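Written below as C-alpha cells is the structure these notes are about.
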Amino acid sequence: SGASSDASGEVLVFAAASLRDVLQEVGTAFEEEAGISVVFNFAGSNVLARQIEARPIADVFVSADERWMNYVADLDMVAPGTRTTPLGNRLVVVANSDSQLRLGEVAELADADFSFLSLADPDAVPAGRYAKETLQRVRVGTTDLWSQVHHLVVPAPNVRAALALVAARLDVVGIVYRTDALTSPRVKVVLDIPDSMSPPIRYAVAAIGTQPTAATRRWLEFLRADATRETFERHGFLTFEGN
Amino acid sequence: MSTAGRGATSGSADTATPLLQVSVRLPLDHFDLEVDFATRARAVGVFGPSGAGKTSVLRAIAGLEDRARGRISLGDEVWLDSAAGTWVPPERRAIGYLPQDGLLFPNQDVRGNLLAGAARARREGRHVEELFDTTCRLLELTALLDRNVATLSGGERQRVALGRAICSGPRLLLLDEPLASIDQPLRRRVLPFLRRVREQLEIPMLLVSHDPVEVQALCDDLVAMQRGVVVANGEVRDVLTDAEVLPFSGHEGFDNVVHCTLLEHGAGTSTVQLGETGAARLTVPKTSGAAGDSRLLRVPARDIIVAINRPVGLSARNVVPATIVRIRSDGDLRMLVAELGNGSPELAAVVTSEACSALGLEVGQHVYMIIKTASCDLYDSPQESQSE
Amino acid sequence: MSTAGRGATSGSADTATPLLQVSVRLPLDHFDLEVDFATRARAVGVFGPSGAGKTSVLRAIAGLEDRARGRISLGDEVWLDSAAGTWVPPERRAIGYLPQDGLLFPNQDVRGNLLAGAARARREGRHVEELFDTTCRLLELTALLDRNVATLSGGERQRVALGRAICSGPRLLLLDEPLASIDQPLRRRVLPFLRRVREQLEIPMLLVSHDPVEVQALCDDLVAMQRGVVVANGEVRDVLTDAEVLPFSGHEGFDNVVHCTLLEHGAGTSTVQLGETGAARLTVPKTSGAAGDSRLLRVPARDIIVAINRPVGLSARNVVPATIVRIRSDGDLRMLVAELGNGSPELAAVVTSEACSALGLEVGQHVYMIIKTASCDLYDSPQESQSE
Amino acid sequence: MDTVTLTALGLTLQVAAAATALVLVPCTLIAYALARYEFRGKALLSSLFGLPLVLPPTAVGYLLLKTLGSSGPLGPAALGFDLGILLTWKGAVVASSIMASPLVVRTARVTFEGIDPRLEMMARTLGHSRSKVFLRYTIPLASRGLLAAAILGFTRAVGEFGATVMLAGNIPGRTQTLSLAIYSAQQAGNDTEAYVLLGVAVAVGLIAILGSEKLSRAPLRTGSA
Amino acid sequence: MDTVTLTALGLTLQVAAAATALVLVPCTLIAYALARYEFRGKALLSSLFGLPLVLPPTAVGYLLLKTLGSSGPLGPAALGFDLGILLTWKGAVVASSIMASPLVVRTARVTFEGIDPRLEMMARTLGHSRSKVFLRYTIPLASRGLLAAAILGFTRAVGEFGATVMLAGNIPGRTQTLSLAIYSAQQAGNDTEAYVLLGVAVAVGLIAILGSEKLSRAPLRTGSA
C-alpha cells in the first residue's frame, strides 16, 4: 500500500505539520469538488525535504519557509514554474494566560520580567528563524533586541513545543505564529508583531518532479481559489495573490 | 520395648535439651502431611521411604513451608502457632539446615559459603574461628576453601553444605541425608564429628537418614514416617526393631550399636568391655586409643549366633554367656534380646523361627552368644556421659 | 587374585559386549585426571573417595568435558581421539547419563522427563512404550507421571532421572550414584531392575557407587580411583578385596554376592543351591518364587564362621564343608577364600589372624563354614546365564 | 473512534506485530550466542545491538533515510531495485525493529544467562542435536523471559515515533501509526484528539502487558515432550 | 571537539548517570516484587511501568509538562513551591528516568525470575533478615542482570530526546544533551556537526557497553562473605 504519485486521481502532499488542520479542511473541499483524493504527509519542513530527497514520491511540497523549498529546488526536484508562495503568517508574542505581562511594543521585551524566551529552534525551524530575524531588527540602545535576550532563548523543536512551554510556566514568554497561538489554550497573545517589523513570512508551495500530473495541477489551482483563501484566512493565515 | 504413641514425649531424660514439639499439617501433592511428635532427645532420626514427607517436616520446622499449619516449638520459643497467628521467620529460628540438595551459594567460594552464617553464630555466642577450623579439618574442607563451588564434586558439595549449617551457630540442626553421597571411609570419619557436634556444642539435631547404622550411631530417638504420618516414634532401638518400620530381614537388618570401653590391646585385636561398668568383654579388631576410652560398637544382630552349649574349635573369638529377656517375631525370623549381665547393654540376635524352635529357645533361658571379632566394628566416640 | 594392571582388558568374556576403552586426561582443580582402562564387562563399577574424579570420568565419556584429551571408544565407534581430532558430540554417543544431581527438566512433568529421550530410543529400535511402562512400574513412578518435577522429593527426583536415562534407549548407561538417596527397601527393589536392564536390554553400564553391595550385585568389573588415577581395575571381587581399595575391616567389609538357584520352600525358610549346578546348599530366609528360579545371594564375609570340626547345638542352620583355597591378609585380619565343591562359587570369610593361627588354618585345609540363615540375603535376579 | 483513529490503531498493531516478529528470532539467536559463547567480536556485536539506544531516534531515522535513500548504499541506485521501504508501512516496521532490537537482545540475553547450561547438555545426551535442544529445551525454559522481551519490543514499537516519522512519513491511513497521529494532533494544537489517541495507545499497551502477565503466570511446565 | 560539544557530552553523562542512579534502586525493588510476590494490583503495577514505552516520548514530555507546569497537579501553584525541574538539567533527568524505567524494571525482573528463590530461603535460615538476604545474596546473584539493566537504562537515557526536549528545553550549555544537539544540528541542516555529535554519542555508548561486557565477564563469585 505504498504511496504512489501515479495512482490516478490522487495527490500526495508533503506539508508542514502546523498546516494540518487547515489543509485537511481544504483537502476535503477539494475532494468534494474535484473527485480527486488528497493524501497528506505532515512533518517538519526539514524532514519533508529530506524525505523528498530520499524518495521523490511527493506530488506537492508545502514548506513552512523558502529555505527548505530551496533545498529541494537545488536538487532539481521542483517542477519548473509551479513554485508559489500563496500563504503567509504573522508572529505574536505570547505569555501564559495567567501572566501579568503587558507589552506595548516589541522593544519592551528588553526590560520585561521573564526568565525564558520560548522559540521554535531559530537555527532550524522557520518560525524560530523569523522570530530571531525580527528581534535582530529591533534596536535597543547600542545593540539589537536579539543580543539582549538571546541568552534567555529556549529553542523548541517546533512551534507547538514552544507554546507548550509557555502554557506550563508563568515566567516564559514566547514568539510564535499567530495561527498556532490562537488554537492554544492556557496561552494569551500579549502583542501582535506588525508585518513591517518581521521579515516576510511565507509558505512555499511547489509541485515535485518534472511533469506534474493533471490532478496535481488542479490541486495547486485549488489552493489559490477564492474559497480556499477564505478558509486560510479564517484560520488566521495571510494569503497572497500570484507569484 | 513398645513403640511410643504419637505425640508422646520420649527420649533420654536429659533435661538440658529443650523440648522440641512438632505438630503440623501441610497439604502435599498426593496426601497431607500430618505429623505429631515431641522429643527431648538430643538427636532425633527421621526415617521412612522415599516421598514419606521427611524433607517436608524439616522444611516446616525451618520455617520454609508457608502452608504449614499447627504448632512448632523448641523449648520456650514458639515458632509456629497457627491458632494464635504466630509465625517466626526462618532467620529468627536459629536453625542450621542442610537441605537434601546442598543449595550452595554459587556467588561465593567455599569459605564464603561456610561463613555465610558466621554473623548469626557470633550473635549466638559461638567462637566462630574455632568452629570454622574444626569443621574444615574434620569435614576435610581445608584444601577446598578458595574453590568456586560450581566445580565441586558431589561429596564435596555435601560436606560444604553440612559445614555451613554447623558453622552458623544454630540452636537446632536439621540435617537432610547429611552423609548420602559421601564415601564409606569418609563417612566413618564424619560420623564421630557429628556426634561431637551433638555433644560438645550441645546442638540438638533432627537427622533424615536411610541408614540404620547412622541413625543408631547418632540418634537417641527415631521418628518413622510413611505417607505423611508418623508410624512409630520412640527410642531408636524400639523403632528400628519394629517390623513395620524396618523388617529385620532386610538386607540392612538390625545392627546393635552399643557403648563400650576400651580395656587393652592384644596382638591383632583389642578388648573392650560392654557398657562402662559392664561385665561382658569382647575381642574386637585392633583399634587405637588408650585404655578407658569410650567407643561405639556395632554388631549386626544377624551376625550373632546363639548356642545352647559353649561351642569349641570355632574361628569366632567371642562366646558370651547371656540370658534371653525378650523374643520378638517378624515373619519367619525371631529377634532374641539378651542381657549380658550387670551394667552391660542388651544385645539382639536374629535367628530363624526354625532354629528358635529346634533349639527350644525361650525367655529366661541361658545361652551363649557367638560373636566374630570381624563382625565387630568400632567407632570413635567423644568423651561423654553414656547416652545409648 | 592379582589386581589387573592399568589399561588392561579384563572382565567377563562375553564377546557380545563391545569393548569400552577410556584413556583420558583432563585438568581438574587440584590435580589432573589421568584415567586409562578398557573393559568388555557388561557392568563396570567406578569406586573411590569423594573428589577422586569419578563424575569427571563419566562426564568425559558422555562428551560433556570439552577439555578432555585422549581416546574414548565403545566397540567400533571412536568418540574421542584428540590425536586425530575426532570428537563426537554427546547427542551422537547414544548414552544414557544419570548425573549425580538429577538435572530434571523443570519445564516438563515427570512423564515429559521420562520421555525426553524417547525419540532416540525409537531410532535405536527400542520398543519405547514397553520400556516406559516397565521403568515406571519398577521405579514406582506410575503415580508421579503427571507431577511437576519441582515438588518431587529427593528420592523421587533420582528415580525419575534414572528412568529418563533408561528410557532413552542408550547403548551405554552412565549412572552416577543411582541409588544414593533411595531408601533401603526401595533399593532392594531397584537393584534387580538395574540387573535386568543390564541383562535383557543388553545395555552395558558404568556405575559410580559408594556401596560395595551395589557394586557386587551389578558389576562384573570395578575401576577404583584415587586423586584422578585408576589405582585398581579388574574383577569386582579382586578389586574390592584389595586392602588398598577397601580395607576389609571397614564397617562395610566385604560381602560375598553369589549366584544361586532356588530349590524348595520349607516352613519359614527356603533352600537354595549355590551356583546353577553346585553341590552346596543353604537354608535362607523364606523367599517367593518357583524352584529353579535364579537369585543373588549376599553373605557378608565376616558373618561366616569357620570351624575345624562340625559344630552342634547352634542357632546357625548352615554348616557347609569347604576347602580353603586362598588366604589373603589385611593387617590383623585374614580373608579365607574357600571352595564348596563342584559348580558352587567360592565364598570368602574374614577372621582375625589370632583365630587363624589358633585354629591352624591354611590353604588346602578342610573346614566347615557356619552361615546363619539370617545372614543370607536374597535378591531377585533375572533369568539369565550365569555371570558372576 | 473515528476512522482515522481506527486506521491508525490497525496500522500500529500491524507495524508493532510485524516488527516484533521480525526482530524476535534473530535477536533471540544473537542473545543466545552472547549469553552462551565466547567469540571474537562478541563485545562488538553486543555494542552494535546497543547503539540504537544511545542515539536520538530521529538521528537513527535520518541515518536510515540516507542509507535507504535514492543515492544511499541500500538505495535503488545502488541495488538496482527499490526495496519499497521508504514512506511505506514497511518503513515503520524497519524503524520500530531497529529501535526495539536492543531491548529484545538484552532481555533475552539476561534470560538465557539465567538458564543452567547443564540442562542443555543433559538434553544433548538424550540424543537431541544442538538445534533441537535449543528449540525444544532452551526456548521453553526461557519462555517467560522471551515473552518479556517480546512485550518490551512490541510496546517499544507501539511508542516509536522519531525514526518512524523520518522513514515512513506521517501519511494518515497509510503510514500514520498512533504515535504519529498523536504528534499530528499535538502539532495542530488539537489536544482533545491527542488525548483520545493517547488513550487508545495506552489501552493497547495495557492489553499487551496484562496479557503477557497472564500468560507468564501460567505454569512453566509444558506437559509431556 | 568544541566547547558546545564538550558541554553537551558532560551534560549527557551527568544526566544519564543521574537518571540511571535515580531509577536503579526503585526499579530494582519493584522488579523484585513483581518477580517474587503475588499481590493485588501486580498486573497494574507492571503495566504502569510499561506504559512510558507505548507513548511517543514527546507525548510523555507534553504530559509531564502539563503535570509540572504552573497549573499542573505538581506545579508551583499546587505545591506552593517550585520543584525546579522544568528547563533545568533535572528536567532531563526526570524525562530520561521515566523513559528508561520500563527497560530497567523488565530486565531486572527477568533477572530475578532466573534466581532460585530457595537460595534466598537458605540464606534466611542462616540468620539473615529478608532485607539482608536481598542485599547480600539476591543482589550479588543478580549482579550480571542488574548490570545489564543499568546499561540499558543508561544508554536509553543517553539517547533520550522527545521527552527531554519538552521538559528540559534545548538550551545550549545548560540543558542541551548530545541527543538534543544532534537533533538541532540535523534540523538546521548542519550535517557535519551532526555527524561529529553522533560520533561522540556512539563513543559514549560503546564505552558503556564494552565496559559492562568486561565487568560481567568477571567471575560471578564475590569471594568470602
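For reference, chains read A, B, C, D and E in written order, and residue numbers begin at 1 within each chain.
The rule is short, and it goes like this: contacts are C-beta pairs under 8 Å (C-beta built on N, C-alpha and C of every residue); 3 or more make two chains touch, one makes a residue touch a chain.
Quantities reported herein were computed from a predicted structural model and do not represent experimental measurements.
Graph distance from chain A to chain C, where chains that touch are one step apart, equals 2. Common partners of chain D and chain E, by the touch rule above, are A. When the partners of chain B are compared with those of chain E, no chain appears in both lists. In this entry, chain B maps onto chain C through a rotation of 180 degrees when their C-alpha atoms are superposed, rounded to the nearest 5.
Centroid distances built from C-alpha atoms place A farthest away from chain C. Centre-to-centre separation of chain C and chain E, using mean CA positions: 60 Å. Look at where the CA atoms of chain B average out and do the same for chain C: the two points lie 27 Å apart.
Chain A and chain E have CA centres that are 36 Å apart. Multi-chain contact residues of chain B, defined as those touching 2 or more other chains: none present. Residue positions of chain A with contacts to 2 or more other chains are absent.
In chain E, the positions touching at least two other chains are 58, 62, 183, 186. A complete list of chain pairs in contact reads A-D, A-E, B-C, B-E, C-D, D-E. Taken together, the chain E residues at the contact with chain A in this complex read 58, 62, 65-66, 68-72, 75, 86-87, 165-166, 169-171, 183-184, 186-190. By the touch criterion stated above, chain E contacts chain B in their complex at residues 116, 118-119, 121-130, 133, 137, 140-141, 143, 219-225.
Chain contact summary for the complex, chain B toward chain C: residues 28-30, 48-51, 54-55, 100-101, 143, 147, 151, 153-156, 159, 176-177, 180-186, 188, 210-213, 246-247, 249-253, 266-269, 283, 285-286, 298, 300-303, 305-309, 311-317, 331-333, 349-356, 359, 361, 370, 372-375, 377, 379. Against chain E, in their complex, chain D makes its touches with residues 42-43, 46-47, 50-59, 62-63, 102-103, 106-107, 109-111, 113-115, 144-145, 148-149, 151-152, 155-156, 158-162, 179-180, 182-183, 186, 194, 198, 201-202, 204-206, 208-210, 213-214.
By the touch rule above, chain A contacts chain E in their complex via residues 44, 46, 71, 96, 98, 116, 121, 123-125, 153-157, 161, 164-165, 167-170, 172, 186.
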